[in-house]
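First chain written, first letter: the chains are A, B, C and D, and each begins at residue 1.
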Amino acid sequence: MRLEAGKVASELAAIGRRFYSRGWVLGTSGNFSAVVSRTPLRLAITASSLPKGTLRASDILQCDGRGRVIAPRGRAKGKPSAETLLHIEVARRRDAGAVLHTHSVWSTILSDAWPSGAGDNVAALAIEGYEMLKGLAGVTSHEHRELVPIVDNDQDMTRLARRVGETLDRHPGAHAFLLRRHGMYTWGATLADAERHVEILEFLFETIGRTQGGPSWR
Amino acid sequence: MRLEAGKVASELAAIGRRFYSRGWVLGTSGNFSAVVSRTPLRLAITASSLPKGTLRASDILQCDGRGRVIAPRGRAKGKPSAETLLHIEVARRRDAGAVLHTHSVWSTILSDAWPSGAGDNVAALAIEGYEMLKGLAGVTSHEHRELVPIVDNDQDMTRLARRVGETLDRHPGAHAFLLRRHGMYTWGATLADAERHVEILEFLFETIGRTQGGPSWR
Amino acid sequence: MRLEAGKVASELAAIGRRFYSRGWVLGTSGNFSAVVSRTPLRLAITASSLPKGTLRASDILQCDGRGRVIAPRGRAKGKPSAETLLHIEVARRRDAGAVLHTHSVWSTILSDAWPSGAGDNVAALAIEGYEMLKGLAGVTSHEHRELVPIVDNDQDMTRLARRVGETLDRHPGAHAFLLRRHGMYTWGATLADAERHVEILEFLFETIGRTQGGPSWR
Amino acid sequence: MRLEAGKVASELAAIGRRFYSRGWVLGTSGNFSAVVSRTPLRLAITASSLPKGTLRASDILQCDGRGRVIAPRGRAKGKPSAETLLHIEVARRRDAGAVLHTHSVWSTILSDAWPSGAGDNVAALAIEGYEMLKGLAGVTSHEHRELVPIVDNDQDMTRLARRVGETLDRHPGAHAFLLRRHGMYTWGATLADAERHVEILEFLFETIGRTQGGPSWR
């Protein structure tokens, strides 16, 4: 697989602007990547610390499978997203073509609504019975039960990436995970698939947040 | 009746883009149809599994009264919406000129707020006393009582279409129905009427959801 | 006073499109007027039953002080808003230059949160202590107490207009009133003043609705 | 430091239009400034009482370090924002390059959710554990604890400016403060930093408001 890098960069930038207009990547939150080569692994990924409402193709870098920049361009001066290792972990373990991280109000609220898991376990949000689940790749009925693992947040990216990797292995059917008080990661075979997953999961988080909110959160 | 198919397709696509911007058809949810011929019955209808924010006239197919495609066009490669049979059921039993299915957060929440009906009965949401009801065709006072039946969701489309048909017959005055955890169907004599019904009902669902939400949902 | 009618019509149409995008005049709800002549009284006013998202200057009619159309134009075929008498009542008793009626979710919710007044009294929503109140004409401190009367809805427009007139006289300081389960009327010396009042009051309704919502509504 | 005044004015106007579209500066609320000269202190600042959705560069004035206009231009006829003294206080004590005041629903709600402090103390909203905090200048971990002081509102601008100054001195680490029932002030080394701070804090206010809302407010 080898996608045309300029086209991918334009598409990632357009996704950023769309998500910004929905309020899902305010501040400089959120980061987006797409696999442009599988062997060796090459990711197009948003540069660090950029506002997403004005994202341009020149704000997209390329990095290798260890997160080192191999094609720095534009105003970002070549520093990839601090969370690049998480993108690589997902791209590898899920064979994903695109990885999108959003940071919406409802995903942040839901990521904080269950206690941390004990020991090696992580908490998880269960979503079941919604027709919208059928928009997730491979799901064919609303009776599907989707478990969205919740990983505790961590500023040590190497440690967090390892934890994310373990979580992905333990939840082979999961289409997304939440970072506690930090938002959501989801992915897909293509950028269009990953963007659809974002819309579906953000919809479900809002629906569940408004429906099941207990006395201490709504 | 025989509408100009190209114009209808453009209008359906524009409705899709408007609803998408409101957040009523995220993911690939939602589908829209208009009757282009009554005898024999011909529907212009959105192709299956398309994102609605970029919907174009070429994404609109034509199908006959049994849901078979008779005019496949464009990127959708000729597969009509999986819910085509529901559109046909509504178009026939209500003599509707247009049928619109949205999948908003509030319609999903309200569709889940009443238990299933026993036996042949379906649950129903009662809406009463709101001026906005006057925007529904034939309603002339806010004192109108609108019953919105709630049909349990089902992946068996033949069975679901039959159940929808029965529900429409039992609620001859209903302007819409909800599918449980799945969203709303409404219709009208024209596309403009159906779109107005969507706006009115979505407004009422949000108002009721925020007003009457019990301890377990808001 | 004699405003240029074409310019007023364009401004009313633009206000409609702006309010529609905020979700304050969905369906065909809402209507807007501006005084184009004081003696004799002449109002530019939205034609009846039009969607506001596509409102054009040609959708604006002119009527006299009894609500009779004197300048029918465009697609509306000359039928003025059903609520024209309410606009005239406000224009006369408040010497207003513009009257705007919105129909938002939060104004509808708040209009229903207090019981009807007994006898000649109407219910009222008290708003106090908010800096945003200073945007209302003549208010110079957040310590202002604004009473927003709530008038029961009625399909008899002559009777409702009389009731509105009485309410305005009893609440000479009010900048707006609510119709129960129907939305808000506000006004101003100019269209810009009236539009500012809409924004301020909608903000306050949402703030109060989210803050003070009791167990039975939110 | 000496920024090009025309460019600054254009950027302030564009920020106003963006915030207006998000609903953060409805009515004529909100005001924005940028330091164009440090010695002597010169601020570009929004003129008083203007709607922000149509803000233009010509609506931006220049004032000196005592709030007197030195470059009146355009429709505002030279009257600077009534809250100019607060901007000057922040610009001086924080060495800020830009000061932004928004007036959103959630900041207004949160500003009212804690009682006034006794004596010289002001109330404060504590925000802790959110990844989004890392978007605040100098914050490097979600484990940061941000205290947002809440200052009681006051129409006496000289007294309020003094109170704001004292509050800033007592909370040297604070990136923002709230005025009770009035909204938020935040700032940054540049306009881009200040705008990022607005987005981050508005996100956090909404998240906290929806999460921790007690029985009497949501």
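Throughout what follows, a contact is a pair of C-beta atoms (placed from the backbone, for glycine too) under 8 Å apart; a residue touches a chain by one contact, two chains touch by 3 or more.
Treat the numbers as computed from the prediction; the structure is a model and nothing was measured.
**Q** At the interface of chain B with chain C, does the proportion of residue numbers present on both copies reach over half, so same, or stay under half, so different?
**A** Different, since under half the interface numbering is common to both chains.
**Q** Between chain A and chain D, what is the separation of their C-alpha centroids in Å?
**A** Measuring from centre to centre gives 32 Å for this pair.
**Q** Could you work out how far the Cα centre of chain B sits from that of chain D, in whole Å?
**A** Distance between chain centres, rounded to whole Å: 45 Å.
**Q** Residues of chain A that contact two or more other chains, please.
**A** Within chain A, residues 213, 215, 218 contact more than one other chain.
**Q** Does the chain-touch network form a line, ring, star, complete graph or other?
**A** Its topology is that of a ring.
**Q** Per the contact definition, I'd like the list of chain D residues that touch chain C in the complex.
**A** Contact set of chain D toward chain C: 23, 26-29, 51, 53, 103, 105, 108-109, 112, 153, 155, 179, 181-183, 209, 213, 215-218.
**Q** If we count contacts the way the header does, which residues on chain A are in touch with chain B in the complex?
**A** 18, 22, 129-132, 135, 140-143, 192, 195-196, 199-200, 202-203, 206-207, 210-213, 215, 218
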